[in-house]
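Have a look at these structures, which come just after this line.
You will see chain A twice below: alongside chain B first, and alongside chain C after that.
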Partner chain A sequence: MKLHFSRKMLCIPYAVFLVFFVIIPMLVILFYAFTDKELHLSFSNFIRFFSDPTKLSTIVYSLVIALITTVACLLIAYPVAYILARSKIKKKYVIVLLFVTPMWINFVLRVNAIRELFNLLSAQRGMEWLAGSNYFKTVFGMVYDFLPFMVLPLYTTLLKIDQSLYEASADLGAGAFTTFTRVTIPLSMPGIMSGVTMVFLPSMTNYVVSDMLGNAKVTIVGKFIYEYFGTDWHMGSMVALVLLVVVFLSTWLSGGFKAEDTVRGANL
Partner chain B sequence: MNKKTLAVKCLKAAFVGLVLLVLYTPILLLAVYSFDKTDMIGRFEGFSLRHYAALFADAKVLGMIGKTFLLAFVAATLSTVLGTAGALGMFYCKKRVRTAIHGVSQIPIINAEIVTALALAILFVVIGVGKSYFTLVIGHMVICTPFVVLSVMPKLKQMDNSLYEAALDLGASPMKALFRVVLPQIIPGVISGFMLAVTLSLDDYIVTVYTRPAGFETISTYVYNATMKGNAHTAQTLSSFWALTTIIFLVIVLFVVLSNLSGIRRKEARK
Partner chain C sequence: MAEHIIELQDVTKYYNDNLVIDHVSFYVNRGEFITFLGPSGCGKTTTLRMIAGFDLPTSGKILLNGKDISLLPPNKRPVNTVFQRYALFPHLNIFENIAFGLKCKRVLNTYRNEKGEEYTKKERLSKKEIKEKVERALSIVDLEGFEKRSVATLSGGQQQRVAIARAIVNEPEILLLDEPLGALDLKMRKEMQIELKEMHKRLGITFIYVTHDQEEALTMSDTIVVMADGVVQQIGKPADIYNEPSNTFVADFIGESNIFNGTVVGDKRVKFCGKTFDCLDEFASGEPADVVVRPEDIIMCPPSEGALVGEVISVVFKGIHYEITASVGKYELVINSTESREVGEKIGMKIEPDGIHLMKPRYTSNVFDGVITKRNTVAFADGEFECDVTQLYPGSHVDEEDYLVKADGEKLDLTGTEVRVEVGLNDIEISDDQDAGGTTGRIISIIYKGDHYRLIVRTEEEEEDFVFATEDLWNENDLVSVIIPKDKIKLSLKTAEEKKR
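Showing the complex of A and B:
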């Protein structure tokens, strides 16, 4: 039998790739999370995880760091995106590009640059407090590194809002504030959701920032998994699984995820 | 224009400008002090290229940089081929199949990188594949390929489908029609997918750490280790990173400017 070429077949290699390197690894994690060292079914990891106060407090710390980072990013990125999206100047995409460009420098080199800046600042008179403020430096570094992830989706959704809707709102007697809360924010919700997802998760898990800026004194969930990888896969898998569930829940709750927004301005 | 709107305008510009200033301060700081004589940031002692000289004299660092770029090129090329073919296939599949593949394809994008990395690392141990260049490339492909699919998909949706039919009617084989008619229409998406894959691979730290063979260093892992475990490295190593950051930054700026200029020229040519 001769196999005829069909365009549909082109997706077979990718589908196989996804099964082997995305689906099966997730199943492996699931398996390890619910087994003990003899590979018997066990909930001990689950119980150990949720009954250890030091683990739980690390998770709470990590959540707080991620929350502060996300809110700070939103508070900075929203005005920036709003101003740029509604600005009438020509070539405003150049300014948007300025926000994206630092993202193309190697991530670790960028964190290193902030590290050097902090080293310089904390050597100044009156700034000595900075040297020991590991949490502040970590959060600053995360806001710095993940800000473009927030600016881009917000900018693209705000740009899509029809100008006449603002005019209609004003014509119907709404003030600037009402228009903002009743028109702008609801219509930019998809962008807010994408941005929040893209900032929140890395700031809970990207331990490069917390290690390099927090003098390795700030432990976030990602570092947890790293530490367990050397000692206890079962526990590591359990932490990873919890993260995975959080990701799926938040994606589901936010009504799907606009993956297009994540392409780092490549389609700008 | 009255005074109030002018003030508001200035305020807006000042805000955007301030955020940009903070965003560029660390990079510009390194760029300035990369030309300084000393290893200290804070006081400019005199112009010198010694950090650049040190960077280019260190064979280990140069080799590491070369390996990083080679890895990015290999992973991005494979991801682009796999992802473009995947996107094409998905586009012509039934909606159910397309939604399923697309859904799985989004997992590495939304998932925490550490979870992807851990899962892959455990998988490789379970199936008994030792960590090698192969596992490293697979790791990078897992994080890059979904992004290639994402940047190719919109171009497929914009494509004029009747051209493919016309090519078949005119006697082209499906393969030929695909390469000569479909591919040229989606090539901008393929190129931006490739570029995206390159930057993702160059940037990666976490997946690299979990899938690399022993002793393999990329820029990310090398810089991380040098700053975290400073004992084995001198101040010279750290300050040669300033030079490296500056070079990468300049290359990116050059690239952005050039691609914009050519973009403007293309737009004008279309007029």
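Showing the complex of A and C:
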């Protein structure tokens, strides 16, 4: 048999990858989540999860932490990205680079550095409150860590907005504020969406930050899953599944699955 | 109300250090269709942007209805713009695009309270009012029923119409149009020209139109402002600008022209192409003049009857007429005629007095401010040229140590002396070899003058211009070096008054 090489064959490696590293693992999680220790079909994990207040409150806490982190990142990153994208200074990519370089330094190292900094600060007179505010420190660490992921997509979308649209807006009688709310924000929505996605998801699961900065007092979903997979794979799979649904729902609600033409290239 | 809706008073604009608008003054009459015409980079768009408020003048005033609006932000000006690439909002549909300005608008409404006292309130337009206005605007541009469409689904021509509707729906006092038809194909452009003209009549508002297309300007405008190099070259009605161009630039830019160097030889008599012609312009005898003859003003006749006799060297069919190029001695003339001729045929040519336009030459010589350097060369226009410094003091000479020795024996060190440098229009050569001359610059203008080209080379740093004649054909924007023979550089000492400036 003669083997024809067609362009379609280029996608075989990806198909194999998808099957082995996405579809099968998902099925395995699904299987574990709805079986008991004897591998019989069971809803006990499901019932146990939703009847346990500590488990539910962890999910809520994680959501709240992730939400605060995301909003804080957005509030800090938007002005930066906006000013950089619209300024006429030469070599502004250097400044953008400065915002992004922390990403290139080892993540654990950065979190450690922050922890040491907090330790140092909380030893100061008048700063003792810092030692106990584990949630504050966790959110601070996450904002610090995930900020570049917000700045970059925002910057690229804002940069792409045609300057003449701002002029058109002013020409039609809109003041600076109206132009911002009715032109800048809607047009930078793709950047906001991809920035939010890239900050929100990790901050729900990245328990390294909460472990190191929260004195192990802050438990987020990621930590939960990790711990269960040490003892009870079935419960761990159920938590993972719940997280998946939560993330799916939040992405869907924020319009992340909309047709591609509205999301112009800002997704990193 | 003031007759002049917009008036520019001595407006100058620098971008960083580049002078883009150089002391421009003119006014626009209410209800007029006025066009800023010029090649790219002439400052026409900048002028428009200053009227819109996107750019602020570095100095000078812009008056709207007699009030100074030079520093008013664009959203406070009663003008609206149709942008070159439309600048429609991609996130809004057609209705929302057109309604954008209306939603920003606040109108003063008068009410009566219970006591019967009148009071006014600043209010937004109601949804119904906005809807009605948008529909009316859409019907003006023939796009009824397009409200719900998204911008991306429209063709270029339709987007253009939406851009116009978005501007006129706000009922501006002035509509600014920045090369609005540039992105359309030829047929579409012709249609839109007519439509815009009709819209102008119907709306009765002032249109300020920017274009580099002279034909567009001639067909549409009531008044044309011809600009080049940040300077207004001529303002006038289309016919006047075509028939009576004020300088060779305008003559060359608007329509086809034959331009010659001529000399006035008597009362309404001018000599060019080796012959003397009657003309209508009165110039003093002996004065040099630029002579412009439109191709359609040269009448072909049998050789025996012609004032000029030449040989046809090319014939090109142009649809309505033939473009015939004929050589008369060393001169070349372009003739437009409905009759054809054979290449090689001998023809006679006549020009009626009203077909000959005389203009005072803008350039008679090149004058620069220079400084004598150590080696007795002169530095000006970004470069250094060899020159003869002894001409500054009659009877002087330069000794071995490079000092100037005056006739009376006094030794002078001329280093740093400011001088006036003058170079004739026929004394400059240019070369591709960048090191061949004293300075380098780019060719910014080429005008054919029958038997030679008149070139302007501008240096890159100081932006000094060299104007000169050459028989060689060069390309605009070429980087060339400027060569001036030593003996052609005329130096003179500056008077104390000149130095002060």
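Just so it is clear, the second predicted complex is superposed on the first by the 246 of 268 C-alpha atoms of A that agree within 3 Å, B and C clash if a C-alpha of one lies under 4 Å from a C-alpha of the other, contacts with A are read in each partner's own complex, and residues count from 1 in each chain.
Rule of thumb we're sticking to: a residue touches a chain if its C-beta (ideal position, glycine included) is under 8 Å from a C-beta of that chain, and two chains touch if they have at least 3 such contacts.
Computed from a predicted structure; not experimentally measured.
Visitor: Following superposition onto chain A, is the placement of chain B relative to chain C best described as a clash or a fit?
Guide: fit
Visitor: I'd like to know which partner A:Glu38 touches here: chain B for first, chain C for second, both or neither.
Guide: So A:Glu38 meets neither chain B nor chain C here.
Visitor: Which of the two partners, first being chain B and second being chain C, lies in contact with A:Leu165: first, second, both, or neither?
Guide: second
Visitor: Based on the superposed arrangement, let me know which partner A:Ala15 touches: chain B (first), chain C (second), both, or neither?
Guide: So A:Ala15 only meets chain B here.
Visitor: Taking C-alpha centres, what angle do chain B and chain C open up at chain A, rounded to the nearest 10 degrees?
Guide: Vertex chain A, arms to chain B and chain C: 80 degrees.
Visitor: Spot which of chain B and chain C makes contact with more residues of chain A, would you?
Guide: B
Visitor: Applying the touch criterion given at the start, work out whether A:Asp211 contacts chain B, chain C, both or neither, answering first, second, both or neither.
Guide: It touches chain B, and chain C stays clear.
Visitor: Please state the minimum Cα-Cα separation between chain B and chain C in the superposed model, rounded to the nearest whole Å.
Guide: 10
Visitor: What part of chain A is in contact with chain B in the complex they form?
Guide: 5-15, 17-19, 21-26, 28-29, 32, 76, 79-80, 83-84, 87, 94-95, 97-99, 101-110, 112-117, 119-120, 123, 144, 147, 197, 201-202, 204-208, 211-212, 216, 222, 225-226, 229, 233, 236-237, 240, 243-244, 247, 251, 257, 259-260, 262-264, 266-267
Visitor: Going by the contact rule set out above, which residues of chain B touch chain A in the complex?
Guide: It is residues 12, 15-16, 19-20, 22-27, 29-30, 41-42, 82-83, 85-86, 88-90, 92-93, 97, 101, 104-116, 118-123, 126, 138, 141-142, 145-147, 149-151, 154, 174-175, 178, 192-193, 195-196, 199, 202-206, 210, 219-221, 223-224, 227-228, 241-242, 244-245, 248-249, 252-253, 256, 260 of chain B that touch chain A.
Visitor: Could you pull out which chain A residues touch chain C in their complex?
Guide: Its residues touching chain C are 162, 164-165, 167-175, 178, 182-183, 186-187, 189, 261.
Visitor: In their complex, what parts of chain C are in touch with chain A?
Guide: The contact residues of chain C facing chain A are 52-54, 73-75, 79-81, 83-85, 87-91, 100-101, 104-105, 152, 166-167, 170.
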